[in-house]
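Both complexes below contain chain A, partnered by chain B and then by chain C.
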Partner chain A sequence: MPEDELLQGLITDLRRGMLVLAVLASLEQPKYGYALLQDMQAKGIRIEANTLYPLLRRLEAQGLLLSEWDTTESRPRKYYSVSARGRVLFDRLRAEWQQITQTMQALLGEDEPR
Partner chain B sequence: MNEMIERYIHDVTRRLPEAERAEVQRELAANINDMLPESASEQDVINVLQSLGSPRLMAEQYRQNRRYLISPAMFDLYLSVLRVVVLVAAVFFACLGVLLAIPSGSLEDVISAAFSGLFDGALQAAFWVTLGFCLAEYYGVQRKPWTVDDLPQIPQASVTISRSSTIVGMILTVFFTVFMIVMIVTNQWLLLLVRGSNVINPFSQAALYRIIPFLIITGALSLFVSVLKLYWARWTWSLCLANILYDIVWISITISILHWPDLLSPEFNAFSRSLLSTVLNDPSLVQALQSTWIINGLSALFIVVGLIDCATSIANTVKGSLGSAKSTSS
Partner chain C sequence: MPEDELLQGLITDLRRGMLVLAVLASLEQPKYGYALLQDMQAKGIRIEANTLYPLLRRLEAQGLLLSEWDTTESRPRKYYSVSARGRVLFDRLRAEWQQITQTMQALLGEDEPR
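So, the complex of A and B:
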């Protein structure tokens, strides 16, 4: 496997873990799919539409998100918001993430880049 | 333009389960609309759809449930069951094919029957085993959680039963049984004594016909024990017991057949009497020899053979369990 492909794969693996956390963090207010996508991308999170939309659906199925169709406007839109359960899990995920970050800082800070 | 969007959404949702389609369709339509400017041109639509990527990959993301027929967890078990069943079925159908082809008399037919039997048997077995495992996967059959009790014993090399020798044994059993039955039924018999122009069949035809069911029983039992040997591949007490029972059965059958009064044909009896009379002068001795000594001698021989076989299987089984006892106590 050429270097680039391998690296891309490893980076994707690295990123995949934090996507759920990023989505939960970006949903402080209810948002619809595309708006959320643009928000996250503006904040520098690399995520594609065909990853985000199914992910939102999955998180809703798992009970972390709630959805509601807004049919008042000309275009019907599905708004996602974080559920109570999602909020609890988000706090714990965030704590976990911070601990991981601390550990990794220490680990990565030790070795000088070769 | 709208048509292209509809076709895209259709291409995604057709790959999803029925229950999900309506909702995903609605979602995607809304999302795609959001991604388009107010008065979108065809090029805008094309750009957006291209950016969404292949409908197949999108659907994959939506599905995120298992996309295999047999899960990784069950796969090893599947492979080992497949091996045994395909082997047994292939051998069995090959022999069956040969059995059915023998009456035709042509060697080509027999050989091609053997090969097609092998192939068909293997195919059938593979299909049914695979189907069984797929169904088990579909209906969520789980393996029970692993505990230390499930650890197998380390096999001792000396008591592992060679698969190839078992299969050869099976083939020989089937061929021998089938061959004998065919010979009897077609009124030919291997052992023929030719004395001058006299051709004597040593066994009486009536007795031979009665032997056939016993041949079948013994053959079937032997195959059964071979299947056990294939499946377990090492000497266990169950296998030992099965083997001993089989020995008891075939030896008792053989000894009782030996004692059939009409086993030997009248012509043979006359012939052997005359032969023995020229050697021994005492007619009563000849009579005794014919009726009891030979029969008892053969019976004793078979019993000895059987005892040796039983002793061998017991010895192998003991070796196997001793070996494993050693490893668990250390």
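So, the complex of A and C:
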């Protein structure tokens, strides 16, 4: 496998696990898909529409997000928000993330291959 | 899907991407599989033998690790070390991890769903 393809695959693995956490953290206010995408990208999260939109549908199916159509504008938009269940899970996932981050920082600070 | 199963799945996704980075960081000194497993677990990384051993074989096949049999002891042991290619990739992956961590910390600090 070419060097860059291998690295890209590993980076994708690294990012993938964080996306659910990033989505839940970014939906403090209800947002429609495209606004959420722009918001996340503006915050430095490298995510594309073809990753985010299926993820939103999956999280809704899992009961972590709620959706509601806003039909007051000329173009109806589906707004997503975090459900009560989603908030509980977000707190636990965030705690896990903090623990992983601390472990990794300690590891990366101490044991670099030379 | 039951609550805990869903959470566990998300936590597994979160950890999976970090394992390659953790393995490369933990092989400053060549180690055989079981010693590496104990070392990683002692540092707080939740990884099991049935995850680590296939991962070591995969990383070797990808050219990121080298292995060597030590037959001087009564029980031959396969020692793994990071290849030159693995070191280059480790540096790039670590830089990516630092960037992701900073982005996530900023996000989690500012925009928590209430």
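Simple rule for what comes next: the second predicted complex is superposed on the first by the 111 of 114 C-alpha atoms of A that agree within 3 Å, B and C clash if a C-alpha of one lies under 4 Å from a C-alpha of the other, contacts with A are read in each partner's own complex, and residues count from 1 in each chain.
Basically, a contact is a pair of C-beta atoms (placed from the backbone, for glycine too) under 8 Å apart; a residue touches a chain by one contact, two chains touch by 3 or more.
This structure is a prediction, so every number in the text was calculated from the model and none was measured.
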* Asked: Once the shared chain is lined up, is A:76 touching chain B (first), chain C (second), both, or neither of them?
  -> first
* Asked: Between chain B (first) and chain C (second), which does A:100 come into contact with in this model arrangement: first, second, both, or neither?
  -> second
* Asked: With the two structures laid over each other on chain A, which partner does A:48 touch: chain B (first), chain C (second), both, or neither?
  -> first
* Based on the superposed arrangement, let me know which partner A:17 touches: chain B (first), chain C (second), both, or neither? => second
* **Partner touching more residues of chain A, whether chain B or chain C** => C
* Is A:108 contacted by the first partner chain B, the second partner chain C, both or neither? -> second
* Of the two partner chains, chain B (first) and chain C (second), which one does A:90 touch, if any: first, second, both, or neither? -> second
* Considering only touches as defined above, state whether A:32 meets chain B (first), chain C (second), both or neither. => first
* Intersection of chain A interface sets (partners chain B, chain C) -> none
* **Contacting residues of chain A [partner chain B, same complex]** => 32-35, 48-51, 53-55, 57-58, 69, 75-78
* To do: Using the touch rule from the top, collect the residues of chain C that touch chain A in their complex.
  => 1, 3, 6-7, 10-11, 13-18, 20-22, 24-28, 43-45, 62, 64, 82, 85-90, 92-94, 96-97, 99-108, 111-114
* To do: Flag every residue of chain B that touches chain A in the complex, lowest number first.
  => 24, 26-28, 30-31, 33-35, 51-53, 57-58, 61-62, 64
